Structure formats: C-alpha cells, structure tokens
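Two complexes come next, and they have one chain in common, subunit A, joined by subunit B in the first and subunit C in the second.
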Partner chain A sequence: MSTLQRLRTRLGRSGASEGGVVELLAPPWILLVPMSLLLLVMFVGPMVAIVVFSFQTGNSIVATPLEWSIATYEEVVGGVISGEGVYGDVLVNTVAVSATTTALTLIVSYPAAYALARRIKRYKLVFLMLLIIPLFTSVNIRVFGWALFLVQNGVLDSIVGLFGIEEYASLMYQRSTIILGTTYVYLPFMLFPIYLSMLSIEDATIEAAEDLGASSYTLFRRILLPLSKPGIVIGSLFVFVLSLGANVEAEILGGGSIFTIASNIQYSFGYSQNWPLGSTQAVGLLLITVVSGIVILRTIDLREIAERGD
Partner chain B sequence: MLQSTNLRAEYGALVAVNDVDIRIETGEFATIVGPSGCGKTTLLRMLAGHQAPTDGRIELDGVDITDAEPQNRPTSLVFQSWALFPHMTVRENIEFPMRNSGLEVGDRVEELLRQVRLDPEIHADKQATELSGGQKQRVALARSLAYEPDILLLDEPLASLDYVLRKRLQRELADLNEELGMTFIYVTHSLESALLMSDKLFVLENGNIIQTGSPEDIYRAPNTKFIAEFMGDANTFELDGATERDGSYEVHAAPFDQTTTVPYEDGRDTPAYLVVRYDDTAVGTELTADLGLTVAVENVLVRGNTVLVECKQPGDDDEYVAEMPVDAFRATGIEKGDTAYLQWNASKSILVPE
Partner chain C sequence: MSTRTLSFGGRSSGWIWYGYVTLVALFLMIPLVSLVIASFYDGRFFSIVDYQFTLGWYNAALSSGSIRRAFTNTLFISVPVTVLSTIIGTAAALAYTRYEFPYRESFKLIALLPIFFPLILLGLGMSMWASQIGLGYGLVPSIIGELVWISPIVMFVVSITALGIDPNTEEAARDLGADTLTLYRRVLFPLVADGVVSGAIFAFVLSWNNYYIVSYLSGPQSTITTWIHGRMTQGFTPVVPAVASLIFYVSILLVVGAIVIEYRKDDTGE
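== the complex of A and B ==
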C-alpha cells in the first residue's frame, strides 16, 4: 500500500467514527470525571458532614431529628478567649509547634538546598536518596523509633549514662520534643521546593553578579534569596500546614500531656465520643489552615513565578 | 595592556586552551575567533575569572590577576545569554554594579540607556523579563558598562539575534569601543562579526592561537588552509610542486595543470595549497583568465544578486564553486550539465602552508 493510500484509508476511517464512542469521549472534561467524583465523595462530602456535625448536640443525625446548636462553638471559642479549659493551650501549642517547625526546617534546609543544588556534584544523588528514603517509611514507625530513643531508660539514657550522667529531666512529653519530631518528619517538604528553586537559577546569573562586583553577602541577599523565594514560600506552606495537622507526633512524643488541635480532635472523636466538639475543632483547624495558607501565598506573586519560567 | 603567558586549561585529558599567549593593548577591539569547541569561551572565562587556569599567568598593566576573584578584577563579561537578573527591573539591573562598587547613581542609568540606544522613559522601569532579545542585549551591555570596567569581555552576545539587528549592534559596539576608549575582547565563531568590528584578530583552533593580526592581514595572508577557508568560502588546490623564486613561489597543481607564480610572505613553511575565493572565481565557455580548468556544471544556485556555480572535474569528487554576478553568469549562456572553464586571475591566488 502506498503512503498516500494509507493516508486516505486512515482519513476515511476517522470520518466513519463520527458519532461513535470516540466522539463521546472526546470532550476533555470527561477525563476529569473520575477525579472529580473521588474528590466529591472523599473530600467535599466529609467536609459538609463535619460542618453539619459541629452544629449538632449528639453523635447521630439519623436517630435524633436535626437539632441545631452552637454550644460547642461557645465552649471552644469561649474557652480560647477566657483562657478556661484546654482550648487556649491547645491553640498556642498548635501554632507554636507549626511556626517553630517551619522556622527550624527553613534554617536547616536552606544551606543544604544551596549546597545540593549549586555546589555539590559528587555523591549528590546519594544525599538526595538519603533524604527521600525516609519518606517511604510510615511516620508512625519513625516516631515510635524516636520514642524508644528518647524515653527514660531508653537508648539515649544508656548513652548519656556512659558519660556518668545519671539524673536528667525526661526529654519526652514536651512541646520541644513534638517540634523535634515534626521538624524531622517534614524536613523534605521544605528542602525539595527550595532545592528545586535553587536548581532553576542559571549559573550565568550567579556569575554575572560576581562579575559585577557583588560580595558574598550581596550575592545572597540580592540574588539567591529573591530567586529562591518561591521555594521558601511553597516549602513553608507545606511544612506549616502539615504541622498544623500533625497528630501522630503530638500523640506519641507529646504522650497525652501536650495536646495540639489535631490530637485533641482525635481525643474528642475517640476517647470522649463527643463528635460535635471534635467537628467544631476540625472546622477551627480548617479555618486556621486556610487563613495561614492565604497569608503565606500572599507574600509571593504567583504570576511572577509563572513568567520567570519563560 | 592585557597579557596572558602560557595560559592553559585542561578538563581531565582534554586540553581546551593550550599555552596561549595573547597581548591586547588598552582601547583595542580584539576578537578571538574560531569554530565551536576551539576553546575560545574557556579562554574568555579565564580572563573574566570564572575559571581558574590549569597553568599560566594573566597580567593587566603589569599586575598579576591570574588568581583574582571575578569580583576583584576590572573586567566585566557580557554573557551569551545576557544573564539579566530576572527579578529586577532594567534600572535595578543597571544600578546593581554601581551600588556594589560604590559609584554615584544619579542620572547614570538614563545616561547608560541612551548610550546603548534605549529610551529610558520607556524601558528603565520595565521588568527585565519583559524585554525582547535585542533590548536584553542592550541592557546587559549597559549593565556591564555601569561597572566601569577597564576591559569589557563579550561572549557572542549577538549570536541569537536576527541578521539585521546583529549587523546594527555590531556597528554600535565598534562605535562604543571608539567612543569610550575601553578595551573590548569579543569572542565569536562568526567571521562576519570578527572582520567588521576588530582591530586585532586571534584565530583559535583546538586550543591553539594559530594566527594573530589585523583582519585585513589575516584575510590577505592566512597562515593555514583552515584559516583561509574559515576567512571566506574558497576553492582549495593541493600543490604537487612549489619552487621558491625571489620571494615568490612557482607552483603547480594537477587539477588546473599549469604553473603559476604567486607572491608569498617569507618565514613561513613551504606552501602546500593554493586557495582562491569563490567570488574571485568565474565560469566561462572560453578560458579568458590566467588560470583555469575544465569542469562540468553540477548545480546553479541563485543567491540574491550573485549565483553560486557548483562544478566538478570528471572523475574527481572535489567540488569547486564560482560565485559571480547573475548578469555576468547569464551572459555566458552556461546551464546546469554543461562543460565550462572554471577560471581566475593569477593575482587572486593565495598560497598557504599545511
């Protein structure tokens, strides 16, 4: 068959399929249907349920007729304002953990990201793999490992004992221990966005700055920092939001003596079986997440980043 | 005066720049020209301080700057990609070097923009990313000039611009060099740029400087066959006989089977090739010039107001080309497939060593 004939046959075939199955699947939005369904069932539905439950008095919508109440909101918001009950402490704990984690991961990641993206050539892959592999392990396993390490009469105890130190305050069940855990667990989420934004800075840009008399400090402040800012912002957003919801770390390393919103929500749903109270706190956490996300993203111009890619 | 002595760069086993000695006077427009991979960019990067030489010295007005950081040398490099700071405006880009070296900003940004023929009113406060290629090139130039370097290094900054714009900017660069009295060192693979702008040419091949001189000198007396062909499209004939006679050579080559006498500069190796440029060569039905050979016309390509006549000798693979005015070619009545004389006058012959 000549090329021309083949072309003609193919053209004929596509003409014949008009109105067929192919045509039906053609509009591109069809391709989004499975994902949209999944989002609807798995995200939007539960969110609505949570909001509805936060205005209820009991644990079941079906058994009792709908009974709207803002009692749980009064309890939580009132508690935060008056300082009575745990809610004030929980809020402070949560924000303190998230903010400190974000700051710590940033301080640790920034120089590392710079070195990996711009300085280190040999063994770079090894370093990156070492950073990625922990992500394949469950957070629970890693955090329990920490607990075994830090707990009294644990691994750290015996190491310290070798140096003759017998008595020291337990490192477990403190806010700083939770922060140590979240810092470690969420470190890659800060490192990789910064690493990628550093990687996208052209060598010539750095060289041009050096060439034009920039000192190391100027190079950092006027070239590296602004050009890696998108990575910093995205990384901060990831780490802050993920730390807000950090539950396992708070549960295990906080050991029931330090509560964050996430662990308190679990407590309300589980131990105290107060779904409306848990839902109210969940709504609160959602609001904090959305607001902080907006605040963080407002600090960069997304359009500027898009244009820089040109 | 900028001087390099035995300047050498190696990448593992590869020698990119091989013991290069160059000497460039203050205010000169020097061009380092050579094909891709000849080591010209490496050489320029060593002069700018972005790459440490494996061996050798660089001196500026007698001061050794071999190991000086780029920040501390009075050179400024205009990058091939221009390397404007994407997060800054045009003004911020140009102010950057001035603030680094503590220069008074004042009206300098406007002044520099006008110098590179950009309207400050329109462009000064644009984001660097909003500019077109030609405008970016001009801003990069203004930014380097703002640093007030003694030596401006240019790494093919015109390569990615279109022909018309490139031509214009070449002229402007030459003017600027004259106007400022600043030393310009330009690196390019394009002969056209090299000839048009330079006071002095360095021809680089495989990391070696193979000829230095004014563009005119090199065009007239190329040192090697490579340079002769690089300096302009040319037909090359391998000589099978060369005898010296009073500063000239009497040479013979099989394809044209004639003996001719060509002047040849003293102190070079015995000539090995006779070179004649396409535009010094013509085709005709009769042999009217001094030298010629019988060829079959293989192809005729019209190139604006000239034609390229591609010819071969029967039983030989070497291709010869004559470039002649369209009218002159039409007047001969020769067509593709005809047999004709490829010919030129003896005075147009150039002899080169191996």
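== the complex of A and C ==
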C-alpha cells in the first residue's frame, strides 16, 4: 500500500507541473472521458428511466416525470405483503430459486476452489479452461443444452435407457429444474472468487498451523474458512444477484409455468406491455443489485489479484 | 513458490481432489456436450446406442439465408464492440491504475458496477431509455448497449495487468527524457499489451454470445442468439443445435487462445 501511495504522490507532482488547460487534454483526464460519457449516457440514463417509469401510471410508454403516481408500488408491495395473487408466488419462487442456488453453488464450489488453489498442480490449466469455457458461452446456448439433455427422448433418456430404466418422472418444467439451470450457470461466479481468496493464503500460514499441531478440522475452521471469507462473500452476493435476474432459465427450463421476478418483469414488459408495473419490480432488483455491487467492489482488491498472478 | 500442500486425509489421497474437480468440470460440460452430440445426430428419437451421424444440419445452417443474416448482424455488432470497448476499457484502466486524481476510487466503483448487474436489468432500462431519447432500436443501439457491460470487463482485465507493472516505471521513463507520447508508445502500451489482447478477446466472445442486451435493443434485426431463442421457444428445428454449436466452436477457440496468452505472460513475467 505504501508503494502505491508513493507512486500517487510522485505522479501527482509530475502531473501538476504540466499545468493549465492543457492538463485536461492530457492523461489521466483524457483517458477518463470515453468511459464516463458512455456510462452517463447508457448506464445512468437507463437506470433513471427505470425509476421514472416505475412512478408512471397505466400503460404509458412516454415518461412524464411531473405526473407521478405510486399506484404500481401499491399493487406490487401490497401483493408481496398479503402474499396473495401472482406476487406472493413470485416472491416465494424467486427467493427459493436464488437462495437455493447460492447455497448449492457454495457447497459445490468450495471444495473445488480449495482443490484448484492448493491441491491440483498437474493439468491445472486444463481444469481452469474447462471451468472458464462455459462462462463465455451464451446463457441461451447452455440452457438449451440442458433442455436437450433433460427432455423426453433426449440425451439423459438415452443414457439411463442403457441401464434399463424406461419410466421416470419428467425432469423438465419444475422449480428444481430452474434451480439446476441457475446453479449451473452461476457456479463459476462462486468458484472463482473463492479460488482467488484461497490462492492468497500463504503456505507458511498453513505450515505454521500444522507445526503447531492443528488437526485438519481446526485448520479448516480457524485458517481456511476465515481467510477465504472475502471470496465466499463476493461469490454469494454475485450468485444471489445474478440469479435474481435469471430469465432464460425460468423461461426454457421452467417452461413458462413458474414465475420468478425476472420472468414476471419480462412478462410485464413483453406480454402485458405495462412498463410502469415492470419498472416497479425492476426497481426492487435495482436496489439489491446496487447495494451488492458496491459491497463486492469494496471487498475486491484489484492490486491483490494482480499480485497473485492468476 | 513453495508447493507444500495441506494434509487433509494425507498426501496419498490427492486423487480425491482431482476426482472431485473432474466431476465439477464434467457437470459444467454436460449441456455443451449434449448440444454437440445433438447437432450431429440424424434421427427423430435420440439414441446413443444407435447413433446416426450427419453433417446435414450444419449444411442446412450455413445455407439458410436467415441464419446467415443473423450471423452477419452478430458480427456487425461484435466487431465494433470489441474495438471500442478495448479502447474505452484500456483508457479507463490506465487512468485508474497509473494516475492519481480526485474521486479515483469512486470512479472505479461506478465504472466497474455494470459488471455486477443482471443483464435483464441493463437491457430493459436501456430499452425504455432508447425510446425516450430517440435512439431507437437496431444494430447501433445494440453496439452502444453492449459497450456498457463489456467496457468495464475490459477495464477489469487490463487493470489487473497494469497493476502488476512496477510503480516506478513512469518516473524512470520521464527521467530518461520520455514525453507523454513516447511514454505510452514505448513503455506503457508494450507492458499492458497482453492484458489488452486478452481483454479484447473476452470482449469479442462476450459480445458474440450476448443475448439479453441485444434482445432488448436489436429491434427488428435478428442476431444469432435472438434467432436461437426464437427457435427454442417457438418452432424448434434440428438446425438449432447446429447453429448453437457453431457459436460455441468460435467461442471455445478464442477463449483457449486468450488463456494461453495469459498463461504465457505468467510464465515469462514475474
């Protein structure tokens, strides 16, 4: 940290010596302009649009910010509180999907992250590639692949058929199918933050604990778990928030019969053309996202990631 | 680096960890393998025992006008997104990592925030916004929309490379008489080049695979992901696995390339 501060003061001095209006056309200012403009025009603007539309009435598609109303909030919040109608179901489905997904990805990822960071030396690059590749494949395609696997007369049918199992309950179009999809899609978002936090644990720390006679369990509880906590926090928030927005999974694997907040927002915009109602639900998602995003970004130390060299 | 390992269950049981990670990797590969298997299958009811191989669906995919148009549209979005997001993201990364300026941490916070947004939220906000400011829908709005999500990712990747450079580099260059232009051309750019290249590859692959943002902004234009989605929800044909597989093959080649570049850097650097 101290080298960073030294760097800053040095650069600060050399920057100041150039001086004047010219300074604005020189780094760092000129470098900041494109990103700032882009985000102002196409990120801040759209988020403001969501908030403004959430206070509009009826089926308006042109925003009139001065004529606002909280009718849609009454409808959504009232529905959620009373638990009746579609919003009660949406709340239950959404929380069930996102919380289960977060728990499952954590359980599956933690041992894998530990193994990758500390146990696996040979073929490590191959394993990392296999885990990264799905991340860069369209969510559409991956969910479609699951449908091909699970659907009647699909790949799974053909495999279990080899063992003589012909009749079993359909695995498609249930809440658990959506959870399978979201667990699959967001697993890497849990695995990699934990993996990075495991990498940062010094070998000497673990050796010292072993030399002092710590058992495997003590080592896990007192050393590994606390030191990998930032990864767990980042991963959990990441998975929870992203799975709140999982629409394709609900649509394809849930067959449109199970509504989560994402599919309900989509429905409000697409089918019933009710922008204010969709926006009100999106504001809920927006609040959770912004808070989680800030917590994640404050926990992540880019410098530390850079030093680990992975 | 020392490689002494933890001794959960003793040293001999290392294979358990390999086995477990292999299982996780297999799980992650299930849908992608299913897709590829289905794309080569010629028959109505799928069977592994009686597998009928064909290249017919790929032929059909490549000769269909609407699929080719969707591919062209996707490229028309992905190429500008790659170039622009690489410029925007690299500039922001250099500013953040190599300079001191007021509100530096806040800048990082806001600039990286879109990475953590569910894409449905970005997409639908942009969709309403585009209609309000008269941007409309089509390929250009899709390009601008994707930039918001992808430029921060490039910034993230390049920042990690740029933070690995010795903090004294700029001062040394200045002491040796380098002006700003020379400093960038001869010192900074070569040092971050690997990060920029892998950032650009990731940008292309993410744009190439993007569904949510283009589905909200592309309007009447169909891209390859919206085409697949349309076919998935209404009117499945066996061509769909072939088209999806084609996208997947391109992605896998590029991602492997990017990882190899990163890995080479780790080997030679340090």
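Here, the second predicted complex is superposed on the first by the 239 of 310 C-alpha atoms of A that agree within 3 Å, B and C clash if a C-alpha of one lies under 4 Å from a C-alpha of the other, contacts with A are read in each partner's own complex, and residues count from 1 in each chain.
As a convention for this text, contacts are C-beta pairs under 8 Å (C-beta built on N, C-alpha and C of every residue); 3 or more make two chains touch, one makes a residue touch a chain.
None of these values were measured; they are calculated from a predicted model.
Peer 1: Does the superposition put A:Ala214 against subunit B (first), subunit C (second), both, or neither?
Peer 2: In the superposed model, A:Ala214 contacts subunit B only, not subunit C.
Peer 1: In this superposition, which partner touches a larger number of subunit A residues, subunit B or subunit C?
Peer 2: C
Peer 1: Which partner does A:Leu39 contact after superposing on A: first (subunit B), second (subunit C), both, neither?
Peer 2: A:Leu39: touches subunit C, not subunit B.
Peer 1: Is A:Thr205 contacted by the first partner subunit B, the second partner subunit C, both or neither?
Peer 2: first
Peer 1: Looking at A:Leu227 after the superposition, I want to know if it touches subunit B, subunit C, both of them or none. Which is it: first, second, both, neither?
Peer 2: After superposing on A, A:Leu227 lies in contact with subunit B but is clear of subunit C.
Peer 1: Looking at A:Leu66, would you say it contacts subunit B, subunit C, both, or neither? Reply first, second, both or neither.
Peer 2: Neither partner.
Peer 1: Once the two structures are superposed, pull the subunit A residues common to the subunit B and subunit C interfaces.
Peer 2: Looking at subunit A, the two contact sets intersect at 204, 207, 210, 307, 310.
Peer 1: Show me the residue ranges of subunit B that touch subunit A in the complex, using the header's touch definition.
Peer 2: Residues 48-50, 69-71, 75-77, 79-81, 83-87, 96-97, 100-101, 127, 129, 143-144, 147 of subunit B touch subunit A in their complex.
Peer 1: For a test of understanding, state which residues of subunit A touch subunit B in their complex under the given definition.
Peer 2: Touch list, subunit A to subunit B: 202, 204-205, 207-215, 218, 222-223, 226-227, 304, 307-308, 310.
Peer 1: Give the list of subunit A residues in touch with subunit C in this complex.
Peer 2: 3-4, 6-12, 14-15, 26-32, 34-36, 38-39, 41-43, 45-50, 53, 61-63, 108-109, 111-112, 114-116, 118-121, 125, 127-134, 136-149, 153-155, 157-159, 161-162, 184, 187-188, 191, 203-204, 206-207, 210, 216, 219-220, 238, 241-242, 244-248, 251-252, 262, 265-266, 269, 275, 278-279, 282, 285-286, 289-290, 292-294, 296-298, 302-303, 305-307, 309-310
Peer 1: So in the complex, which bits of subunit C are touching subunit A?
Peer 2: Subunit C reaches subunit A through residues 1-9, 14, 17-18, 20-22, 24-25, 27-35, 37-38, 44-49, 87-89, 91-92, 94-95, 97-101, 107-122, 124-129, 131-133, 144-145, 147-148, 151-152, 155-156, 159-161, 163-164, 167-168, 170-171, 174, 180, 202, 205-206, 209-212, 225, 228-229, 232-233, 240-241, 244, 247-248, 251-252, 254-256, 259, 263, 266, 269-270.
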